[in-house]
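Before anything else, here's the structure in question.
Note that the chains take the letters A, B, C and D in the order they are written out, and that residue 1 is the start of every chain.
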Amino acid sequence: MSLFRLIPDRPDVVQDQNRPDEKGTFREWLYITIFQATTTAGKIFDIGLFMLILSNIALLMLESVESLAVKHATLFRILDYFFLVLFSIEYLLRLYCVRSAKRYATSFYGIIDLLAILPSYMEFFYPQWHVFMIVRSFRLLRIFRIFRMVRFLDESRVLMFALIRGFRKIIVFLFFVVLLAIFLGSLMYVVEFQHNPGFHSIPQSIYWAIVTITTVGYGDVAPATALGKVIASFIMILGYSIIAVPTGIMSASVIQEEKRNRGKRCPHCHVGGHGSDALYCRNCGEPLKTD
Amino acid sequence: MSLFRLIPDRPDVVQDQNRPDEKGTFREWLYITIFQATTTAGKIFDIGLFMLILSNIALLMLESVESLAVKHATLFRILDYFFLVLFSIEYLLRLYCVRSAKRYATSFYGIIDLLAILPSYMEFFYPQWHVFMIVRSFRLLRIFRIFRMVRFLDESRVLMFALIRGFRKIIVFLFFVVLLAIFLGSLMYVVEFQHNPGFHSIPQSIYWAIVTITTVGYGDVAPATALGKVIASFIMILGYSIIAVPTGIMSASVIQEEKRNRGKRCPHCHVGGHGSDALYCRNCGEPLKTD
Amino acid sequence: MSLFRLIPDRPDVVQDQNRPDEKGTFREWLYITIFQATTTAGKIFDIGLFMLILSNIALLMLESVESLAVKHATLFRILDYFFLVLFSIEYLLRLYCVRSAKRYATSFYGIIDLLAILPSYMEFFYPQWHVFMIVRSFRLLRIFRIFRMVRFLDESRVLMFALIRGFRKIIVFLFFVVLLAIFLGSLMYVVEFQHNPGFHSIPQSIYWAIVTITTVGYGDVAPATALGKVIASFIMILGYSIIAVPTGIMSASVIQEEKRNRGKRCPHCHVGGHGSDALYCRNCGEPLKTD
Amino acid sequence: MSLFRLIPDRPDVVQDQNRPDEKGTFREWLYITIFQATTTAGKIFDIGLFMLILSNIALLMLESVESLAVKHATLFRILDYFFLVLFSIEYLLRLYCVRSAKRYATSFYGIIDLLAILPSYMEFFYPQWHVFMIVRSFRLLRIFRIFRMVRFLDESRVLMFALIRGFRKIIVFLFFVVLLAIFLGSLMYVVEFQHNPGFHSIPQSIYWAIVTITTVGYGDVAPATALGKVIASFIMILGYSIIAVPTGIMSASVIQEEKRNRGKRCPHCHVGGHGSDALYCRNCGEPLKTD
């Protein structure tokens, strides 16, 4: 409960300001159903939209497989039109039910919803665009809608809260990693570039350094000289060790976050951190109220 | 002890309901020996079965090595029959000693035990099936029996308990990772598909994104364009950082789990899990003795 | 505040001893602006220098891409001179405003600042040196200046503090990892060297062992024999497990570091870092106010 | 101090029982110097031996590089003899100064010390053995002596203690990982073996599964079919997630270990966990004794 207050759910607040004034009308009912998940109809709408977006993304994937695209061209075309019509209706309904259509249309999710349908209409009028997968891949942006729905799960709230707490520290850490990669990548370039075509430029060497520090290790570029291998070994061991840093930060974040959620406070001595099944205060022995 | 109560060991409870009524008979003795590990005979049976399953799996592995399969064909055939007879006897004994044979036969382990022997009989009658390794690999399912035995170790109980606690959060985390992989994989497809045969379709690009985010990095697919390498570097650093999230969750789980196990027990109500600085029992309010 | 005292910021102390005696002069103002970030002018100077160093490094990277180097040769030459002049002026100003020019010139950052410009002058007089990227890459050393600026962020202070605390333990851990890599690498050499050209010498095998233990896994060298694969599997599982060790160390460090920062402060002696359940100051014994 | 009691340093105890009876003789002085590191002479001996073992291992590595071995054959031969003589003298001295030479000779370190020199003598008498690197690599076993010396560092004691605490849980975890690798490897074999020569047998597929679960990812074997890639993606995400388990275990171990070392107890209220710089009890305000 209190977490709702701790995470200021800004996008919602913005959209709630967009709720139509008249109470009890169809338009308000539509607004609650489409933009909120508090009523049964709203939950059904959210789950249905979730399924449709996932199906549409699955369709997009299958269309990109050339053998399938050639074989089932007509089926794919029909399904494309089907989703286009559905998402267009959804977009129009959203525009209709909000208080200010302009405010919705210029919001983050409004733009994403538009971008997911607009390019398909352009394809309709300029068929030669059809070859550009790029146009169609705008639909993928709707994945953000899913991210947003999932955010309401309890678990993702704790996770996100831990992420927000640790975020700044992790950004600083990543900045150090990138500086390190620049430095070590350039060093490897100096050592290897005359002997190894894989290290043909500094950006390429930095790419290799990132591949190595993060322990991904594709192997498309690998050191060839003895000195290069020594430096590479050092970089690997470094990457292997410093992965401990974000992990430590995140562990501390999650532990603290859980502590905060867990502890009831004693009404007498105000000692907190009691387990969720504690009945008496561990400090003064007075009973704890259960709520 | 109390952990036995905390983890409701359902499969056992189900099978204990399947214990024959008559006490002190051979059938009951057989039931205790085969299904439980409380008596010496039961422990010997469990360890023997453990060895036999492992040997059978080892045999299955060696049979799959073609050079060995050709060389020792007769030996493998004899050993196959030997294990088939043994496991058939075991299955019949299990059917015999339970109160309701049907209940066992339709339980999870009953089906696994059957699947481990049935296909071998079919091979016997339809020798042409022999070529299908798939049929024989059903035996591998018996590995679940080993998983189940191992579960009784104290260490695996703590582990499993920590896993159960962190499970939902990790599932939510993995869902985010998969969504990220879909998004970033599609992005890479758009960037690379015209220059790099490795990114020939979106599913393939998502496969590559998962290989990269998880820091596995086979290198069978690697970015070729400059922009692709920049995005790949970003994905690697992302994967390197977000591995901290499940780790943090799990660390918090294990630390809390250990705290619970470690705590002093109340001399009155025998409830444990008090913090190291608790003075009074959190369950009954009586003072805890310090030792 | 107290952290400033805990981390003895040696380079600063050294340079503050280098502050010119006369107060209120241009020379002192210059010193404060260039060497410190306490005034507005100082902050602008720091951010400007930060940008220039990053631009110079970006330039260095682009120059290393041969196609670009050939195409924009004149532009690169002009930009090279531009940065050379700027950094030379900066170096001279630094020499001018400190109390003892010699002390600055022989300090760590003084040498780095000189190395970043000196080789470019040599290139000027001996143009045939130009081919050596190595000479120009000395400029990269200025990245240390950026490291030093970033250090003043709050987040990087906590990080660095956790690193310092865990440093010795991680060094011991890495020493064990290197000994393990030597041992396992030599073992693999003995097993593989007659069958696999990838394991042609012990140093090469140790390189492979480090690639494997750190889970980088380039795949440029991979075991070929059955026994080699068994040993490799063991090394991988080992590496996968022992990554937990630095992570655990770092988690403990960060958690403790955060605890220290979080604690209430004593209203009497202003000592912080009390546990969340402390009632009395751990330094002077006075009761802590609860808020 | 108390840690000495907590870790029963068995090898030492055994060897201390091996201390010669006579006090103040040269033989006892030799024993203390060679087997213990309490006196200055003993420390010098330990550090000298450490250097010699490392040099000998470095020599072994360089000898394995064929180009060097051919070029400096005579130098390598002389250095080999030099180390052989030194280590032989050391072995004889060890035999001489212990109370029971037999007990030393049959101890773990006694056997290692013998194995490090014996094969070189055999090479001397049977020169054709010289080709076998295997014989010479026995010297590497002396690396265990270094491990043992390093054990006396404070940091490695905390590390080792955390390792011992977490050891059983990690073993159980690794057993699960190996069972998983067997199961998933066999599954991949069934899916891929008809389409992909990389999955030619079950052991090979299990090797691939271990490479994938541990996120090493050599790329020497990679899935080729669509279903194989889906399963591989699942295995990667699994491996990426379950690495959190040993990490969590180890984090909990290290944190608990540090807590144990850190906390002074209050002599009045027996509350522990005080920071190392606490002067007064945080629970009752009474002064803590500093020791």
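Note that in this section a residue touches a chain if its C-beta (ideal position, glycine included) is under 8 Å from a C-beta of that chain, and two chains touch if they have at least 3 such contacts.
In this text, all values refer to a predicted model and were calculated from it rather than measured experimentally.
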Turning angle required so that subunit B lies on subunit D, C-alpha fit (0 to 180°, nearest 5): 90
Chain of greatest Cα-centre distance to subunit C: B
Shared numbers divided by all numbers used: is that above or below half for subunit A and subunit C, i.e. same or different? different
Centroid spacing, where centroids are CA-atom means, of subunit C and subunit D in whole angstrom: 29
When the C-alpha atoms of subunit A and subunit C are each averaged to a single point, how far apart are the two points in Å? 30
Subunit B: positions in contact with at least two other chains: 173, 203, 206, 215-219, 239, 243, 247-249, 251-252, 255, 277
Show me the residue ranges of subunit C that touch subunit A in the complex, using the header's touch definition. 57, 60-62, 64-66, 133-134, 137, 140, 143, 146-147, 150, 153, 155-156, 158-159, 162-163, 166, 170, 173-174, 177-178, 203-204, 206-207, 210-211, 213-220, 239, 243, 246-247, 249-255, 258, 276-277, 290
Residues of subunit A touching subunit D in the complex: 215-219, 247, 251
Which residues of subunit A touch subunit C in their complex? 168-169, 171-173, 175-176, 179, 182-183, 186-187, 189-190, 193, 200-203, 206, 212, 215-219, 222, 226, 229, 232-233, 236-237, 239-241, 243-245, 247-249, 251-252, 255-256, 270-273, 283
